[in-house]
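A, B, C, D, E and F are the chain letters, set down in written order, and residue numbers restart from 1 in every chain.
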């Protein structure tokens, strides 16, 4: 259980859902261990948040455990989406913990927001990768079937075709150097997705496709805090078991930052 | 390159082929790193083999590199099989290095032997796993579409249905305790497949589904030496990057033991 | 949750209880991660056991989770004992997963057996260690306050005073070399405790005080199978997070071997 | 021996003392390996310091080895304090290397300074943790029994009650974002304690309770250099063996920065 | 093969050469694994570079494999230099991947540039180390036998004698704090050498002598991009296998940044 | 300090000497960390030995620390030999802890025994390796300049030329399968050298050139116990820092087994 997520799923305002999908990871596998790692490294945290003067246990967060993954990604995403729709139907905010980034497609579909805000080193705008239309590298494109706009913060890698796609009106790319200047300027409500590889590998080595020259943890936290009040869904993805805790401890902290900022804005 | 595999692929008597498939691994991923790990840990070996009084470099072994894997296992196996058929057509013996056990299906199809001899902790006789008919846990069943008989040495795990299937006439199961007594008694030629998890996890922790109470390295070597003279194809699979070298060093040594025994019997 | 431990605690025949105590570990810490590791490495196992022709999920095993540990060992043991007494009162067999060996004191007190059978590299017969009467190195002595006899299998280390204590009538020590000859010859019912360091460090490096020249996994399994039919409680302890899975995968398998053997003898 | 600490303890100006206490670590253990790790990772350093134009070996630093720890923290702290008093009595500056943060209580008691300056992610102002009044999370409070004022630099975590305690006149908290602005403005002499978790986990993952959004190494060095001239004692704590050298190499360098700055101000 | 380095060595504009020398590493060994690690961690990268709008595979980069190293450093450097001279003679730019920093001596000798620009935590201006005139700590001095000027960016460690040597007219040292201000102001052409330990250990822990308080990855990339247009040779050295990918992923990315910047300036 | 080696070097009956030479390791480096690792993993042992009824601390063992190594192997061996001669002159038995196997040359030269008994996977009878006459792979040959006979127990690897050399009268090779049958049958006194790679890699993965199909720990201990009474010098070598403690804990235990057996035979 995510530490402090003591609420019952039925009464919760926020529901942690683990989604250990790990089939399309193209370089280093292990995203399947993400939910475990994130929960484990959250054990060292204080319940109390000084920044918002709130106690995590008092915020009605539940942990629904993991939605067991298998290797048929598309089927799994349908199943996961249904689980997340239940969370949304109960007026709770889903807090999805990946697993590979593909799971965001289920999160976005369940929440049906106007905008996707995503922290990511990669554009994830491919149509397919190695013939797989459900690769983690396609997730922003899938989300664009639902949302009106995608804002990709910290992106520094993509194919030629992806950068072209990013030039269209429904995508905004903010390079890592400019993320500290960005403020939420979109209309409507949002879904916030944190691909941990948005961070520089020094701060999050345990991820499938580390990409140097990334964000600092504080830049990521600032985005999370600013977007949270307008977000109806959240995920943090692509944490694996390949480091000494840097990636999961950052992921866990960003999840908490989301909850604290969201709750204090209500 | 596998150390000592200096021959040209076209002139070779043995061809190392890496097959880093890693999609259906159900517990611990990393089989994609198997070919690299096996080649790397072979660097510490002497070229000369005292047991057979042969030099490895003199045995016309080539290394064809890896057949790049993607996540559509069935397509990949077709492609891999074609590559291996080329090897067989050139009268060379393929030495496949996985990757997950599923790749054996391609090896067996390319070699078309009478018998499959497999060292494995698991029966791998499932029809599917989590809906996937090309899971590593189905590979012996797939091989039975080609071979007349499968001999599974060291098996100690399987589902109820797999054990039932194993009772049929075309399957022989030798439990770990009896492997040291077993001698090749089959008719025709063989394909020898070594799932490294046949070994006790103390000797091969770096594998996808370690299973205690397994074989000793010498028991495995004895089987390899005895089967090699009658084998037309070989693989060693399920080595990952999750240990301190125990699994890949054993795998590399067994591959060499196969070549030395096969060559000295010609 | 321990894989397959799907029963409700209230209706269970066996109850897994994690006891992540980790305060007196004198050399390498990390026993606190034992319950997590043991549960995680059990994920790779088949549900079905061919040896006894039983399905694990059908044996009414529940997982009660962990009894959160703090650093006042004596208090903690009282609390843990009360939890385990509840299990015993419900006619279930407790399956304790440590944590340091000290937790066996709670297990023995709750079960109140006639005999303690313990697999351990160490005698654990100290009166105190560094002034601590509740050190892991004292646990057999504590158990002797409850049981009539202690049988220590695989012991190869102890202080001079411990070996003297071991000469008394209520203690039987079987050195590693003789364990394969030993058969249960005690009167009454037993509590079986497996300190994973009974195994040779090659088979279980992830433990607090590894001691070479130990048992093989099969020797340990044989003892577990033979003692289980007469045991009313079980634990496996001293697994930490310092290896590549060897210790937890063996521990998980021995726990299952206990359940399978116990259930099939009923 | 800390590299370059070649002086005799009796003639030394500075004395390194290892204090491998590791009993109350609440999340990840291993602080017991801190002294070893810090000494080991200092082996790669040049003796000469360009910043102050001094040679480390010429500064009369001795290494008194470790004060062997056991699990009765309070007793141990008394014993350690006595050892450190001997250092102080000989007009040497103690350089304590933890071990968990609790050991600072002994350092402060032995040095008896006016002010405690502490770099830490945590307030460590608890009265007890899980009933333990000598937990690492209580050390600043214990120090306040001796000092007139505590300045906690980089703090970003604490319970509600700790933050309230921090509001009292004898505590100053400087959040991570403001540390680069802070300059020593206290009266009297100081004891400087460096909890390595003050750093962002990217720079010091090997610590018991990593807390994202922390300080950079240069911010920490600046504080050490500015406080050293007014400090009569120093420690660096909470380094464990759970990373690839980042935490111990930073700790070792900060210890040296302290000595260089202190010596050049004399 | 370095991913995307698909050109033939004979037709290439750039040639990757691995130089796994690892004999004089004074603290942590493993530089021999640098070429493998750098190639492996480059597998996660996109072929396309948005910054320069170029595709890596289109830039005629070849990978010549490794020049097998042995422990007679001076002999090895002669041999390596000859290999690199062949590359230069073919009008290609060598991209050397160490191995220890000593290999730069061969690179500089083969390229014969006017200036050496080196990113390094260390001055590497020793005459010998432990009696070895071919230690990695002497490489800048060796290069000065060829070049007119050496610019050492990010240096923060050296012996007293090295700093004195650095005061001479042919050496410019830019401390880490000033690297972001530096721009190439030298005459003639350059050889650019990247000792990965120039980075702060948080960003590159896997190196032989990590030295805190170093450069950020972006600072290093800026230097690479600015120097590349005037450089005729490049290397990245001192990456070992002792981290979770931070050092090799940064090294691989800097190598690519060099190629992209160099190619787009032609 | 090796735990329990409390005697003064001048009065000692046995003197531990660390020799962290690590220059010729051909595959995996790290032998330089051997002395540290062996001492550290001995910390978990009881002082008392039940087998011989002796206390280690009572046996007058001293620890002289390490003889700092540099990369000129031949010079270093001379220096080391002189140190060891001092030990021998004081009528103490040297207990050398490597470092690479080359250090045995110094040990043998200092002790000047009639026979070398060596546990090793490798013959180490080369004249040179890659041009280096002081490679670890030459050490038995160097020893044969001093001793009349070398007995190599557990050898399973060597070049063709080495096996030929092994056929001469002054060398006896006992293959791993026959080691359990071997008993000391030589004349005169001995020097006993334990290359940890004699063990199967499952029991000692942390070594430079692991070689499967090796000895069990008990087989090695039996040899140590039987040879010790006739030995005047001992070493254990080739332990590195690349495993989870298996190699160093076995090495430390074999060193102690030597001392216990030697002392009880006096």
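As a working rule, contacts are C-beta pairs under 8 Å (C-beta built on N, C-alpha and C of every residue); 3 or more make two chains touch, one makes a residue touch a chain.
Chains and their UniProt names: A, B, C, D, E, F = Agmatinase.
Since the structure is predicted, the reported quantities are computational estimates derived from the model, not experimental observations.
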**Request:** Quick one: how many steps at least from chain A (Agmatinase) to chain D (Agmatinase), stepping chain to touching chain?
**Result:** 1
**Asked** How would the chain A (Agmatinase)/chain B (Agmatinase) interface be labelled, same or different, where same requires over half of its residue numbers to be shared?
**Response** same
**Item:** Matching chain pair for C-F (criterion: over half of the contact pairs shared, by residue number), options B-F, C-D or A-B
**Value:** B-F
**Prompt:** Taking each chain's centre as the mean position of its Cα atoms, how many Å separate chain E (Agmatinase) from chain F (Agmatinase)?
**Reply:** 39
**Asked** Can you give the whole-Å distance between the Cα centres of chain D (Agmatinase) and chain E (Agmatinase)?
**Response** 37
**Message:** On a C-alpha centroid basis, what's the spacing between chain B (Agmatinase) and chain D (Agmatinase), in Å?
**Reply:** 54
**Message:** Touching at least two other chains at once: which residues of chain D (Agmatinase) meet that condition?
**Reply:** 200, 202-203, 243-244
**Prompt:** Which of the residues in chain B (Agmatinase) end up touching chain A (Agmatinase) in this complex?
**Reply:** 22-25, 29-30, 32, 70-72, 75, 130-132, 135
**Residue numbers on chain C (Agmatinase) that touch chain B (Agmatinase), as the complex places them** = 41, 43-48, 50, 55, 200, 202-204, 217-218, 221, 243-246, 249-250, 253
**Item:** chain A (Agmatinase) residues touching chain E (Agmatinase) - in the complex, by the definition given at the top
**Value:** 26-28, 122, 156-160, 163, 177, 200-203, 205-206, 208-213, 242-244
